[in-house]
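Same chain, two partners: subunit A is paired with subunit B first, then with subunit C.
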Partner chain A sequence: MSLYLITVLTNICLFSFIALSAYLILIVGEVSFGQQAFFGIGAYSLAIFFVYFDFSIISSIFFGMLICFCLALFLSLLTIKLSGLYFAMATLAFAEVFRLSMNLVRFPIEKEGRATGLNGPEGFENIRWIFENNIDPLGFFYITLITLTILVISLFILERSFIMKNARIVGKDIILAQSLGIRPRPYRVFFIGTAGAISGLGGALFALANTYIEPAMFGMMLGVHSLAYTIIGGLGLPIGPLLGVFIDIGLLESIRFLSEYRMIIFGGLVAIILIFYPEGIISPRIASRIKRLFFNKGL
Partner chain B sequence: MEFLQTCIDGLLFGSAYSLLALSFSLLFGVMKRINLAFGSTLLLSAVFSLWIDSLFSIGIFGIFFLMIASSALINIYVEKLCFYPHSGKYGATVSMISSFAIWMQLDEMSSFLLPDRTASFPSFLPDSFFLKDLFIRIDQLFLFLIAVFMTSIFFYVLYKTNYGLLLRGVSFDGELAKKLGVNSGKISSFAFAFSGIFGAIAAFLILSTESQVTPFFGFWCTLKGLVAMMLGGIGSLPGAIIGGLFLGLVESNVINYLGAEYRDICTYLILLFILVVKPGGIMGSALLRDERAASERI
Partner chain C sequence: MLEFKSVGKSFGGINIFENLNFQLKKGEWVGLTGGNGTGKSTLINIATGFQLPDEGKVNLGNVSLLGLKPWQIARLGVKRNFQSVRLSESLILRDQFFVPDKKIFDNLEMIQASGIKGFLNRFPSECPLPILRKMEVLRALLHSPSILFLDEPSAGFSQEELHEFSQFLITYVPSSISLVIVEHRTELMQLVCTKSWGLFLNEPLRIM
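Here is the complex of A and B:
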């Protein structure tokens, strides 16, 4: 494979993580504009643990995910009364506070003769794990692909369990859920927390792949893009968000020869896709049809 | 005195936020949806008018009227493509994402018409004067007066005309209005066009006080309008005005006492705090309660 293709595929895998986190939140019926914050927190905490404290890479990723999980739990408990636009704006405010405060934190250090560390808008340079371990782009692509596959398989297992079914009912109709004896709030809190952790995992891998992160990477655009991926792909199966990312990045790269007009075409195309597939390409209806085909029974 | 000066600056600039929040609030009140493409519509109309001006030199009034017309037309385009086909509870999310896609599209078109990244925007009344020790820019004062005037027109249209009555009817209960013979599609197009006109006037005034257009103007409009609307309270028109003025006051005071880099952090912290403590915003708590009561009845 050419280097260019590998980079594109790695990017597709990395952005799939944040799309999957948006997917989990949409399942419990909320819209979050703030998943980019957890992506960023994952990236920054990996960098901090790895560069400042010399943790091993696995434990850095683990602690990054743990921090994201705790912060997402905290945010979801804080906003427990909010829903709809109120929740979306609260998460957006949280994400922007994180991003803007990262612009103000400066704590540069020098390590092995290279400038690194938190440095405000100039970003965090020289996270040199892939160079220290001689991992070529193809190797890193396999790492992200394997992590993503494990994640998607565990989401599929979750899909077969009662947790996901109950969560879908909560997202569809809270009153129906309550009258079936499902308490909505634990589901909501748990799913938002898990989504934060998944996004953090993606962010950590993103920081490793890029070796450089800056606050401007985690702006509102990233969060809304992740929502768009999920909506285009559909909420039926965990494959949906991946399909959305693939359509966006893959299609955008493949119409690169039209580079000047590509956003004009692509924006209109997405709007038209959404007119014909308002529930996404893999909508819950199609998903249950697929399940019936494979498992010979419905939901 | 310094505090008074800061407050005056804040209020004068906050009136621009109020106008943006009002046009947002109109759409949200009627459609119960967010139009993320709102800011880029304004950007595209401004850039388009400047482009026409560079070809035919239509003058400042030409730019003004062209901006209003093009913004209304683009808003109707957004409505037909993103909001008209989607209905229902899930439709709110879908139309938001759809309008986000159109936002990208419109931004790209604007960057076509704006190859140098920035363009100067014609400004009028560039003088300023001192009232005793207070420094007041005439164009900002003018912006403030226009904001007051426009707001009264806004209220007149909503509460005294037939269209306003229909609008409020659709906003109150879309289904019921449909059954009573209101053409709700036409009304929502009207609401979009109206909010486009309103937004275009706001954008014209803001741009002529700033006297330049940058590609970030669209994003800025969307974000500030949303934040001001949420601060004041969703769907409440007086709330939108108060939210905008409050946002202006907060920003100018933070810039003065803490520094410019803390401006946005403080804005978002206040927004988060208000959402957590008093989710309805400054004015909209009753609205939130009604909405919740409506959604929780069985």
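Here is the complex of A and C:
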């Protein structure tokens, strides 16, 4: 594989994490414009634990995810009375607060003769884990791919459990959910928290892959794309958002020769996809059709 | 036993009811009639926690239902269906009971008798309306209620379907369940209910 192809595939895997986090939140019926913040918090936490405190890579990632989970829980409790447009605005505000404060925080240090550490808009340089461990781009691609596969398999297992079924009723028809005795709030809070952790995991891997992060990487467009991935891919199965990322990044890369015109083509194609598949390519209805074909259960 | 004590409710200055009193005993099957705007659906909404009364008390046994959330009341066994069919267009019917599969298989005979078995693998858009209404009733029954409110379960049924449905209710709804059937037409409640209540504007509940 060429280096270019490996980089594109790695990016597809990395952005799949943020797409899956947007997916989980859309399932409980909310729209978050703030998943880029958790992607960024995951990336920054990893960098801080790994560079400043010399944590091992696994514990840096773990603590990054834990921080994202707790912050997302906190955010979901703060916004417990908000829904729809107001929830979207609150999450966007949260993400911007994170991005802008990262522009202000400066605490540069020198490590093994190299400048590193938090440095405002200039970013956090020299997160050198992949160099220290001689991991080539292909090797890192496999690491992200395996992590993503584990995540997707766990989501498929979750999909078959009552948790996901109930969460989908809460997202789709909260009145029905309540009349069946389902308490909506824990689902909402737990899903928003988990989505934060998943986004943070993606961000941590992103920081390792790039070796350099800056606040501008976690701007609003990343959040908008994370929603676009999921809306193109559909909410039916966890594989949907992945398909969305593949189409989005794959398409943008394959028409790179059109330079600035490619956004026009891309926007047009997304519109066409949504005309033919208004609920995304793997919509819940299509997921049910697949289920009907293959799992009859004798009913 | 569900008890309403001098319950009052008004919307925008219009009194739907004031001083509404009744007791629904265990195993009682009651038909509730009344014209448009007399508060039939409001009564269900108050009993199931979706609306709060302006005054009065609502008790289930010794427990006050006021201030409890709808899901808490549902967990206490007070269940309902909805006048507008609440089924998801993206799920086939068998995925919309929201009970473990085992429960569906245990109650297969009841599902068969209701006449919806042939539709279990279809989407709501592929089923006629009476099937969807029966589906809603079945869903509520599978959630093992102790008190069940049915809001217009037979709307749109033909005469024949209505008789079948009443037979179905008599056979499969356990006699320990208290049932309240809200209807415009009185045929169904005449067939299954032992008691009927009438709601009239600005009048106390008439027990008939």
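The definition used in the following text is that the second predicted complex is superposed on the first by the 294 of 299 C-alpha atoms of A that agree within 3 Å, B and C clash if a C-alpha of one lies under 4 Å from a C-alpha of the other, contacts with A are read in each partner's own complex, and residues count from 1 in each chain.
In the analysis below, contacts are C-beta pairs under 8 Å (C-beta built on N, C-alpha and C of every residue); 3 or more make two chains touch, one makes a residue touch a chain.
From a predicted model like this one, the values you see are computed outputs, not experimental measurements.
Undergrad: Thinking of the overlay built on chain A, is A:Arg292 touched by subunit B (first), by subunit C (second), by both, or by neither?
TA: second
Undergrad: Quick check on the superposed pair: does A:Met263 touch subunit B, subunit C, both, or neither? Answer first, second, both or neither.
TA: A:Met263 contacts subunit B only, not subunit C.
Undergrad: Scan A:Ala90 for contacts with subunit B and subunit C and give back first, second, both or neither.
TA: first
Undergrad: So, does A:Asn166 touch the first partner subunit B, the second partner subunit C, both, or neither?
TA: A:Asn166: touches subunit C, not subunit B.
Undergrad: By the touch definition at the top of the document, which applies to A:Pro184: first (subunit B), second (subunit C), both, or neither?
TA: second
Undergrad: Quick one: classify A:Leu252 as touching subunit B (first), subunit C (second), both or neither.
TA: After superposing on A, A:Leu252 lies clear of both subunit B and subunit C.
Undergrad: Based on the superposed arrangement, let me know which partner A:Pro284 touches: subunit B (first), subunit C (second), both, or neither?
TA: Touch partner of A:Pro284: subunit C, not subunit B.
Undergrad: In the overlaid three-chain picture, which partner chain does A:Ile231 touch, first (subunit B) or second (subunit C), both, or neither?
TA: Once the two structures are laid over each other on A, A:Ile231 reaches subunit B alone.
Undergrad: Taking the two structures together, which residues of subunit A meet both subunit B and subunit C?
TA: In subunit A, positions 175, 179, 279 sit in both the subunit B and subunit C interfaces.
Undergrad: Please output the residues of subunit B touching subunit A within their complex, sorted ascending.
TA: Interface residues on subunit B, with respect to subunit A: 28, 34, 36, 81-82, 85-86, 90-94, 96-98, 100-109, 112, 223, 226-227, 230, 234, 261-262, 264-265, 268-269, 271-272, 275-276, 279, 288, 296, 298.
Undergrad: Over in the complex, which subunit A residues touch subunit C? Could you list them?
TA: Against subunit C, the touching part of subunit A is residues 162, 165-166, 169, 172-173, 175-184, 236, 279, 283-285, 287-288, 291-292, 296-297, 299.
Undergrad: Could you please specify the touching residues of subunit A with respect to subunit B in the complex?
TA: For this pair, the touching residues of subunit A are 26, 31, 78-79, 81-82, 84-86, 89-90, 92-94, 96-97, 100-101, 103-104, 175, 179, 220, 224, 227-228, 231-232, 260-261, 263-264, 266-268, 270-272, 274-275, 278-279.
Undergrad: Under the stated contact criterion, what part of subunit C meets subunit A in this complex?
TA: Listed in rising order, the residues are 48-50, 69-72, 74-75, 79-80, 82, 86, 88-92, 94-95, 98, 100-101, 104, 117, 120-121, 123, 139, 143.
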